[in-house]
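In what comes next, chain A is part of two complexes: it sits with chain B in the first one and with chain C in the second one.
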Partner chain A sequence: MSSLAAPGGGIAGSKPGWRASLGWDGTTLLILPAVCFVLAFFVFPCLYGLVLSFMPLKGGVFDNYIRFFSESRFYSTIWKTLLIALPATLANVFLALPIAFALRKTSRYQRIVTAILVVPITLGTVLVAQGLLGYLGPNGWFMRLLMTLHVIDAPFRLTHNYTGVLLSLIITGFPFSFLLTLSYVTGIDPMLAKAAATLGASPWTQFKQIYLPLLAPGLAMGFCLAFVQSFAVFPSAVLLGEPAGTTRVMALAVYQLAYEDYNAPMAAAGAMVMGAVQLIVVSCVLGLRGLFYRGPVGGTKG
Partner chain B sequence: MTTVTLTRGGDFPAPFWNRVWSVLLWSLVWLFVLNVAAVVASVAVDSFGTRWFGTWLPEGFTTKWYFSAWDEFQLDDVLIVTIKVVASVVLVSVGLGVPAAYALARREFAGKRTILLLLVLPVLVPTITYGVPLATLLYRVNLGGTLAGVICANLVPTVPFVVLVMTPFIEQIDQRLESAARVCGAGTWGVFRYVLVPLLAPGIMAASLLVLVRSIGMFELTFLTAGPDSQTLVVSLYAAAFSAGIRANQSLDALAVVYMVSSLFWLIIALRFVNPVQLVARVKD
Partner chain C sequence: MATGPIDGNFEILKLDGVTRRFAGITALDGLDLTIKRGEFIALLGPSGCGKSTALNCLAGLLPLTDGGIWLDDRRIDVLRPEQRGFGMVFQSYALFPHMTVRKNIGFGLMMRKVAKADIDKRVAEALRMVRLEAHADKLPGQLSGGQQQRVAIARAIVVQPPLVLMDEPLSNLDAKLRLEMRVEIRRIHKELGRSTIYVTHDQDEALSLADRIVVLHDGKVQQVGSPEDLYARPANHEVARFMGYQNSLTLDVVGGGDGETRLAGPGMVVQGIGQVPSGRAIASIRPEDLVAGAEGVNTIDVRVTGAEYAGREFVGTAVTQDNQPVIFRSPRRISTDELVRLSVPTDRVRVFAEAQR
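Entry: the complex of A and B
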């Protein structure tokens, strides 16, 4: 296939047809395997789950949803999940932003610090949960240190409650937020900030007037991607939290419905509610970013 | 950076507040790094300790927990399953994702926005939302609990991930190189073999290492679809941690260390090949 043809044109010399008029040619067909895969293993299961959720084991079409929103052990999971996932995501994004900004200039130092900060990505939720149970537990190093320094007299509880889950989500989610934010920050043309500096702008002013508006779309996207991660995690909620109480997250409720109650339609309904809550949060965040500047960020990076 | 101390009203006077800010920021970074290191270290130290209760360090050190964990969790089986799953996920997601990324980077066509949305959605929808119905479906066609089912489920987020990472990478490769090869008489295979493969190799390498690290740690999807013979390392780690109390905590920690080392090994290789700053460039709509 000739690639001399302008984008949008068909194959040079091929007979014009409906495919060519849509811009489809041999190269675009390369996309089909991936699209077919996503259709078969993502779109189809989602639709299947949606249909299944309207076919409850007993009762009318909407009974699963009515049950979900009338029993407190189900609907309370929505705000319990949000109460964990939103603070964790916000903490990660606002922790990542200043650090990424401080590391915006390419240097050896930048690579080393980045590498160190990225390592927790390999730890995984289970290992972090196990580690936090030991480290923050009543006999762990953290409590011992505080007692040795006479900050506290007796150990207090940081695990098997809300705090433990929040901490573990911050540790596991931070590397990803940081990488994403860093790649957005370094993607902004540094000449813009230099131009501002020649006009006498302090680093704080540069950040406020130049970086922040340009970063807003990236931050919104980063927030969404980080939120998805902390929204669906349940190992830490089980191992580090109170799975019957304050940290009974939606993912756990859905899992129990499917694998402990063997109620696949009800589990599908829960999964759909979960997807809907997630998409509402994502569209709110992406809607907010529309209030900021939208335009070219400077094409210094490919 | 040398700051010019020209400040307008309302701005911080540059030098003093800059120094306070950077001290604050770096102490925060250090606090984070030290605490994470301590979390990891408390697992690692416990896995080598004999008995540890109410002291700073265990009473003695031993490696016996690794041997007992190896037998108890049938680690050779689990590791073989993990390697099979991860290798297939990497190969298939690169095989499906890179051609799609090439088409997206090089062509404008009707329906491109829809396809992009279709490929972004699996990244933006929580894993449980599609994982639970997908697992139900897989069990219906007798793929649930098998290696193939686990691989299929793990591919759902990784295929779009490869497409999203590779598209900007391919966009930056000059299209005229391919045209020049054509002018010099290369066929499609020749262009692919002598122009595209060498130019794409670093990007494919980066994408596959990222998929590798991701799928070692991919818990939810494997957990929902795995059966007794298709458990990966992370799932058996969770199963062991969930039933804590039955086994010695140390052998659980030993398993956690095995998991961390196998994951860390690949991340270090990845960091040697790719600049982390350029990993996730431009994940825009």
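Entry: the complex of A and C
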């Protein structure tokens, strides 16, 4: 039984060896299901796609990529997607921040408002898109209200264009940004702001000097998650957008390559480019995050 | 009205009926207190007595429900905390975790728009005062509890506030460090010559640090006085309890006169200092004055519930015949369930009227 008490744990009876030196023990086995899942549903498809993208239907190894970056109907989708995903993400993060900050003190309003703001999660992209089509369409209540109030004389277009997709992304993405930001904001010890106040900091300075620097890493994380979500936009781009024009996003172009042109290798190349763009944006943001303090956000060691 | 923090010193800080209620519960009930410049005041009381509420009201972190606070002839309870300019040391220290020790200490000066060179000089001075020169560029998370505590003090005093507020600053430290920091706090207070209000539940801290002690209980002031005053002449049994009179026996008044009262209860005859004409009264006795075995006019018959060897003698716990708990000392070994007769000299017993509820 002495081996049970051996440093580093270890399964009873096993000899301490390289596994022990890595700090592995019986508990390490618990990560196996997760590893299998990642291997089967991420690593394998990713590698498969990568290899496939270098085996074009005709031409040399790099022909798919050369074609992607030389034909405007392909490479233009990168900007179109970024042009939708970045503003939607920024809007979400910067909308979530003041609302979460205002709700940082536990109260019954916090619970009510949180519940209301989180409801869109349960709706799903397609339902939100359908709803927006009706509400914001030329005959929807929004336009009629504006006309009744004589704000406008004739309905203007909010659907089947860029604005429609942006609005739908903000509505579906906001709850995630909000919940994430709220958890970061409430994690900051309110005594810190009080201490700053006794030292002469106005509420705005307290926010700028105390809350913002401590929140920055969390906001960067929230930005990345929201960005990745918006970048893969597909249903709302098709339903609410202008799939042939301003909202011809990468996911849509890749879909068309795969299931309309039946050119799987070319679609794989598109997907790889899409992944690379996301990776670049996310690593830039996480790189910036490294500039900020990332330790515990309490006032003491605890 | 100026918007910046109050600068310079004051002669008199006056709390006039400061009251704070939370959802119908009165946490602090009409605190009247006048503090002279340079005084060290301790607010002493058990947890929930309102002492931290009083401090937060002074700092401006809690609005008053009633009453006012005056700094000389200026009313300050209407000012926001950042306008009062008092230094505050929090129980949890509340150091800014993303700023170095130097930045933490310089924060208040930065808020007062002091010139950079001046900030550097004054921060260096404060670092020297709390003996943390070697740790200036560390983050608070890299410091020990005692070091963090000193950063918190330095941060509060570097702006030379007219008043320093300390909320149980030593309660998170171990016993040895507590003693050392107590000396430091006293030294810094002397060196700066500013007024300090110090909240604590530890009577030793209050007795050793303060010029005057304010004892609070249930939101009400019980007694204000010098440590010697309170120790020698506690005004009621709540104050007495904090001054080491851990035994409070509720008994019937049976006689008295000449500044003394005679009390009796089941198996108990006690005479002590203090005049209560009739009814019930409380006899407060220090455990070290209540001795097993000795004979005298005051006798208390008890049944022992526990005994601990404390070096020179034994410390026992027991209950009286009507089940009131007492702590006493005994020169000989005692055992549980033994029946013992305790005695105490009359001049070591304080008699108080039973508290009005």
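By our rule, the second predicted complex is superposed on the first by the 283 of 302 C-alpha atoms of A that agree within 3 Å, B and C clash if a C-alpha of one lies under 4 Å from a C-alpha of the other, contacts with A are read in each partner's own complex, and residues count from 1 in each chain.
We take it that contacts are C-beta pairs under 8 Å (C-beta built on N, C-alpha and C of every residue); 3 or more make two chains touch, one makes a residue touch a chain.
Nothing here was measured: the structure is a model prediction, and the numbers come from that model.
**Q** Please work out whether A:M266 is in contact with chain B alone, chain C alone, both, or neither, and reply first, second, both or neither.
**A** The answer is neither, since A:M266 touches no partner chain.
**Q** Name the contact category of A:L239: first (chain B only), second (chain C only), both, or neither.
**A** first
**Q** Return first, second, both or neither, reflecting whether A:I78 touches chain B, chain C, both chains, or no partner chain.
**A** neither
**Q** After the superposition on A, what does A:V165 contact: first (chain B), second (chain C), both or neither?
**A** neither
**Q** Between chain B (first) and chain C (second), which does A:T205 come into contact with in this model arrangement: first, second, both, or neither?
**A** After superposition on chain A, A:T205 lies in contact with both partners, chain B and chain C.
**Q** Tell me the contact category for A:V93 with respect to chain B and chain C: first, second, both or neither.
**A** A:V93: touches no partner chain.
**Q** On the superposed three-chain arrangement, identify whether chain B or chain C touches more chain A residues.
**A** Between chain B and chain C, B touches the greater number of residues in chain A.
**Q** Touch test for A:D189: chain B only (first), chain C only (second), both, or neither?
**A** The second partner, chain C, only.
**Q** Is A:P213 touching the first partner chain B, the second partner chain C, both, or neither of them?
**A** second
**Q** Between chain B (first) and chain C (second), which, if any, makes contact with A:A197: first, second, both or neither?
**A** both
**Q** Where on chain A do the contacts with chain B and the contacts with chain C coincide?
**A** 197, 200-202, 205, 301
**Q** With touch defined as at the start, can you tell me which chain B residues reach chain A in the complex?
**A** These residues of chain B touch chain A: 1, 3-4, 6-8, 11-12, 14, 17-18, 22, 25-26, 28-29, 32-33, 35-36, 38-40, 42-43, 46, 53-54, 56, 95-97, 99-100, 102-104, 106-111, 115, 118-119, 121-137, 152-153, 155-156, 159-160, 163, 168-169, 171-172, 175, 178-179, 182, 188, 213, 216-217, 219-220, 224, 234, 237-238, 241-242, 252-253, 256, 259-260, 263-264, 266-267, 271, 275-284.
**Q** For chain A, which residues are in contact with chain C within the complex?
**A** So the residues of chain A in touch with chain C come to 189, 191-192, 194-202, 205, 209-210, 213-214, 292-293, 295-301.
**Q** Okay, in this complex, where on chain A does chain B touch?
**A** 1-4, 7-8, 22-25, 27-31, 33-35, 37-39, 41-46, 48-49, 52, 95, 98-99, 102, 106, 110-111, 113-132, 134-135, 139-142, 144, 171, 174, 179-180, 182-183, 186-187, 197, 200-205, 217, 221, 224-225, 228, 231-235, 238-239, 250-251, 254-255, 258-259, 264, 267-268, 270-272, 274-275, 278-279, 282, 301-302
**Q** Can you check the complex and tell me which residues of chain C touch chain A?
**A** For this pair, the touching residues of chain C are 4-5, 59-61, 80-82, 84-88, 90, 92-98, 107-108, 111-112, 139-141, 143, 145, 148, 155-156, 159, 165, 172.
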